[in-house]
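Each of the two complexes below includes subunit A, the first together with subunit B, the second together with subunit C.
This part shows the complex of A and B:
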C-alpha cells in the first residue's frame, strides 16, 4: 500500500477527531475544564444516529441532524445539572465529576444497548485512482494506486463544512466573538457586558452538536458500540492538547497530525504490533505536554 | 503499671504494634502445623478482604500524593501494575507466554518496588510541573500506554493471558486453603497497618506540614525557602514505590498477573475510596475504601439473587460507582470523615 493511501486514512481519522476535538477544546477554553465524559457524548450521537437511520428508518442526513440535536441537548442538560453548579470549585472536581459521569453514561448505554456492535446501513462507492505517477523513496511506494470510498469523502467533506461554519461563527457573529473574548479573559468579558452564562450554555450545546456529528461519522466509518466514545477520548484529548488546549484552530491541526501519525504507525509497525498504535497517540500527548505544554497555539498549562 | 498502660498511645505507635502482631500470627499459621477451617461461604470475605488490604496500600500512597501534597495522579494503577509485572516476570517459573526468569521471590519483590519507584521518578520529573488537570491527563495517558504495551507485547508480557506460574510463598508453606487465606490476610493486613503507621508518622511530622502547605499554596511555601519541587517528587515517588509493593504482593498472592487486573477501574476505585472517606486523613481514606470494597462484596451476594445477567450487573455496579463519585464531589467534597477546613473546600 502506498504512502498516499495511508495519508488518506490519516485524513479521515483526523477529520472526525477534529470535529470532536473542536468541541472538546471549546469547553476547555470557555468553561475551563477537561471533560473526560466527552467521549460518551460521541457514543450518544452515534447510537441516536444508528437508531433513527436503521430502525425508524429515516434518511441518513436527517438521522445525522437528529443525532447532532441529541448530542447538543444531552451536553446542555448534563452541564446544567452536573457541571454548572460546581463551576467555582476548580478544575480537579470538574474533571473527577466528568470521570464519574463517563462511567455512568458508558455503562448505561452498555446496559440498554448490550455489548454487540451496530452498523450504519450505507451504500459505499469506491473511487479508484489508477496509473498515478509511481515513484518511491527508498522502499516506500508513494503513489501508485489510490482507493477512496464515498464514506471517506463524506467524513472529510463534513469536516471541511464544520471548519468553514466554525470560522464564520467565531469571526462574524456576536456570539462567536463573545466566545473568543471569554476564552481570553472571562472577567473582562463580563465587565464588557457579555452574558457569560448564556455563552457557556451555547458552548455546551455547540460541543454536544459536534460530538453527535463526530459519533455518527465514526459509526459510518467503522461501527457503533458502547465503547465507541471512550476508545476515542484520549485521541481527542491528545489532538486538543497538541493544538493548544482552548484553541479551536490548533485542535484542527492537532487532529490531523494525530490522524496521520496513527495511520502511518499502523502502516509501518510490524503486523501483530498494530495494537500499540493507540499508545502512539498517548505517547505523542505526553511528549507535547513535556516539550511545549501550551501546544501549537494555546494557553499556559504549567504552574509557575 | 499494667500491660495496657505500656501500650503505645498515638495512632502510628499503636499501628506499629498491631501490624507487628498481625504479621507474627500470620507467620504462626504459615510456618507451624497450626490449621484453621473457615465456615462455608466465608472465602469470598477473605478474597475481598485481601484485595482490600492491597488496595489500602494504594490508597495510602495516593493520599500522600493527592490528599497531602495535592498531586493529581490519575494513573496510580500503572505503578501497581509495573510492580506486579516486575515481580511476576522475575519470579515466574513456568509461564504460559511471556518472560519468567525464576529468580527467588524476595529478590523480585525488591526489584519490583525499585522499578515502580524509578517509573515514579521519571513520571514525576517530567510531569509534576504541569497544572493539576494536565498532570491528571499525563499520568492517565502513561497508565494507558503501559496497559497497551502489556496487551500487545505477548513475548514479553504474555498478552491478554498475562504471566502465570508466579510463586505463591504463603500458599506453598501453609497447610490447606483456609489456612492460606487466613495467613495471607493477616500478613498483607499487617503490612498495610505498618504502612499506615509509617505514613501517619510521616504526615504527622513537620514533613507532613510542608506537604500540606504545598497543597494549600505552593508559591508561599517556596517563598519561605522550602524546595517544593523536591518535596513533591518525594511524595510522588513514595506513593509509586508503595504501589509497586502492593503490586508485588498482589502477584505473589494471586500467582498470576494479567492486564485485566490493572485497568483504569483500579484507579477509579482507589480515588473514590479516598474522596469518599476524606482526603488528607489516613484513617478516613481507609474507611472510604472499605465502604467501596464493601459495596463490591455486597454486590457479589446481590448478583446471586438479582434477576439480571452478570454482564448487566457489572454495568449497574459501575453506574453506581460513578453516581457515588459525582455525589461525593458535589455534596461532601471533604468526604465522610474529612476535615473541610483542612482541605479548603466549602461543604
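This part shows the complex of A and C:
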C-alpha cells in the first residue's frame, strides 16, 4: 500500500476535524471568542447519538439528527446562560469561562455516563481498488492498491454535504450574508439593521449542530467516552488557527492539512517516533504561523 | 533506599498517637495499633471503579468481598473485624496518590490491596514513603520485577520494596505468549503498542522473551492512544514481512485498532496482550478476530477450587477474570500476615507476608484454616488460588499461563502452559 492510501486515511481524519472546526471558527469569527468547551459539545452529541441509536433504539440517521439537535440546543443554552451575559467583558473572561465550562461539562458527563466507552453498533463494508497502476518515487509507492470502508465514505460524504450546505448558507441566504457582514464589522452590520443577537444565536446553534455531527462521526469510527471531545479539541483548534481563525473555508483547508500530516507522519516518522505523530501537526502549525501569522486563509477570505 | 522515611514515619506516628489519644480521651477505648480506635482493622483497596480498566474491577471487588466475609466469619484477624475501604482511582496516578494518602492517613488502612502498574511505577518513591504494604492483584509491569518484596530479609524493612503482587509479571505471561508464538512457527513477528506504561511494558516483555527464544521482530510501531484511527500505523506495520503481529493497547483503543485491521483486510495472526481477552473486544471486532489469542495469568493455584466455590456462592454475577483469583489471594495473605504478626500495623504485616507464604508449615487455603493453625502454634504456608503464592524475594509470584482464543464473539480457554515450562525464560535472580 502506498502514499495514496495514507492520504485517504488523512482525508477521513480531516473530514471530521473539518466539520467540527467550521463550528469552532464560526464562533470565533462572529462571537470573537475561542471556546475551549467546544470539545464537550462533540461529546454531548456523541453520547446522545449512541444512546438514541443503541438504547432506544432508533435508526442511525434519526439518532444522528437528534444528536445534532442536542448539540445545537446545548450550545445555545450554554451561550445564553454563560457567554452572552459576559459578552462585553473582553476575550479573556470569555476564554476562562469556556475553559471552566469545559471542565464542568466533561466531569458532569463522566458522572452521568461513567468513564467506560460506548460503541455504535454499525456494520462495515470495505471497498477495494486492487488493480491500480503502481507508480513509485524512490521507495515510496504512490498507488498500488486502495481501500475505503463504508464508515469512512460516510465521514467524507458528510463533510462534503456540510461544506456545500455551508457555502450555500453563507453565499445565498440572508442569514449567511448577515453572518459574513457581522464577522467583518459588527457595528456596521448593526447600523445596517442586522439583528446581531439573532445572528449570534444562529451561530451558536449552527456550531453546536456541527459539533454534534462530528461527535457522532468520531463515535462511529472509534468509540464514545467522556474524553472524546477533549481528545480532539487541540486538533480542531490547530485546524482552525492553521486555516485562519474566523474563516470557515480556511478551517476546512487547515483540517485536511492536519489530517493528512497526521496520517503521513505515522507512515513516515522514524521507527519508535510514531507515537508522537500529533506533535508533527503542531510543528507544522508553528511553521505556518511563523510564515503567515493570520493562517492560510485568514484575512484574505474574511475580506472577500 | 527509602527517602525521608524517618520524617514520614514520625509524622504518621504523631497523627496516630494524636488520634489514639483523642479516642481514648473521648471514648475510653484503646484500639489496635494502626487501625483506628475501635476493634476493627482496615485494609484499603484502591480500585478501578471508573476509567479505562473499570471492566475488570467487578470481579476483583466480588472476590475481595467474599473473602472478607469468610475472614470475618472465622473471627477476623486478631479477633477483630476486618473492614475494606474501597476508593476509586480511575487508574490515574494523580487520583491514586490522593486515594493512597486518604486511605493511609484518614482511613487508617494498615495495608493496601490494589494499584495498577500505571499507578505504582510513577508513584514508586511516594509509595515507599508511605511504608505501608501494597499487596496488589493488578500490576504486570516488569518495572516491578526487582523492586518489591522484602529482599529475603523479613525482619529488616530498610531494604523493603513494600510492593507485593499476587499476579504474575508481564515477564512471565509474555514468556508464555512468546513460547506459543514460536511453537506455532511464527519466526517473524510485528508489534503494535500504545504509548502508556502498561502497553509498553507488555510489548517490551514480549519482545525480549520472543527474541531470546530465537524469533525476530521485523517491525514495532508505537501509536498515540486515544486516536480516532490506527489505519496509517497498521499500514506501516503491515509493510513488513511477518506471519503474526502482537497488539498491546488498552481495550477501547484495541477495539478501534482491530476494527481498522479487520476493515483493512490485513489478515495474519493477531496475538493480544493479556487485558485484551475480553468478550467486548471479540464482540465489537466480530468474526475477523476468530483465532486471535492472548496469554493471560493462569488460574492454577492449589486453592483455586476453594476460591471458585466461595466465589460462586457469593452475591453478584461478575465474571471471573485473570485478576479475580489474585485479588482473593491478596486479602487472604494479608489477613494471615496480620494474624501471624499479632499486631495490626503496617510494619508488622510487611514483616510477615513472606513468612506466611514461603518455606515449610501447615498448608492452608483460607484465612480460617490459617487462623486455626496459628492458634495451635503452628507455622503456616498459604497456598493460593491464582498461583502457589510463594513470594519471591522481590515480592513476585510465579505461575502458569492460560491461552484464551477468540471465537464467534467470545474468548474461551484453549490451553494452559505450566509454570515450569516458563522458568527458562525468567531468571530467578532477576525476578
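Brief remarks on what is shown
As a convention for this text, the second predicted complex is superposed on the first by the 293 of 304 C-alpha atoms of A that agree within 3 Å, B and C clash if a C-alpha of one lies under 4 Å from a C-alpha of the other, contacts with A are read in each partner's own complex, and residues count from 1 in each chain.
In this section, a residue touches a chain if its C-beta (ideal position, glycine included) is under 8 Å from a C-beta of that chain, and two chains touch if they have at least 3 such contacts.
Source: prediction; values computed, not measured.
In the superposition on chain A, A:128 contacts subunit C only, with no contact to subunit B. When the two complexes are overlaid on their common chain A, residue A:159 makes contact with neither subunit B nor subunit C. In the superposed model, A:110 lies in contact with both subunit B and subunit C.
By the touch criterion defined above, A:266 lies against subunit C but remains apart from subunit B after alignment on the C-alpha atoms of chain A.
When both complexes are overlaid on chain A, the residue A:276 reaches subunit B and subunit C alike.
By the touch criterion stated above, A:79 is placed in contact with neither subunit B nor subunit C. Of the two partner chains, subunit C is the only one touched by A:12; subunit B is not. Residue overlap on subunit A between its contacts with subunit B in one complex and with subunit C in the other: 110, 115, 275-276, 278. Within the complex formed with subunit A, the subunit B residues making contact are 72, 74, 126-127, 129-134, 136-138, 141-142, 144-145, 148-149, 151-153, 218-219, 268, 271, 275, 311-312, 314-316, 318-319, 321-326, 329-330, 333, 345.
Interface residues of subunit C, counted against subunit A in their complex, comprise 50-52, 54-55, 90, 194-195, 219-224, 226-229, 231-233, 235-236, 238-239, 251-252, 255-256, 259, 262-265, 284. Every residue of subunit A that touches subunit B in the complex is listed here, in rising order: 33-34, 82, 85-86, 89-93, 95-97, 99-104, 106-108, 110-111, 115, 234, 237-238, 241, 245, 273, 275-276, 278-279, 282-283, 285-286, 289-290, 293, 301-304. Within the complex, the subunit A residues that touch subunit C are 1, 5-6, 9-10, 12-13, 16, 110, 114-117, 119, 124, 126, 128, 147, 149, 151, 218, 221-223, 225, 227, 231-232, 262-264, 266-267, 271-272, 274-278.
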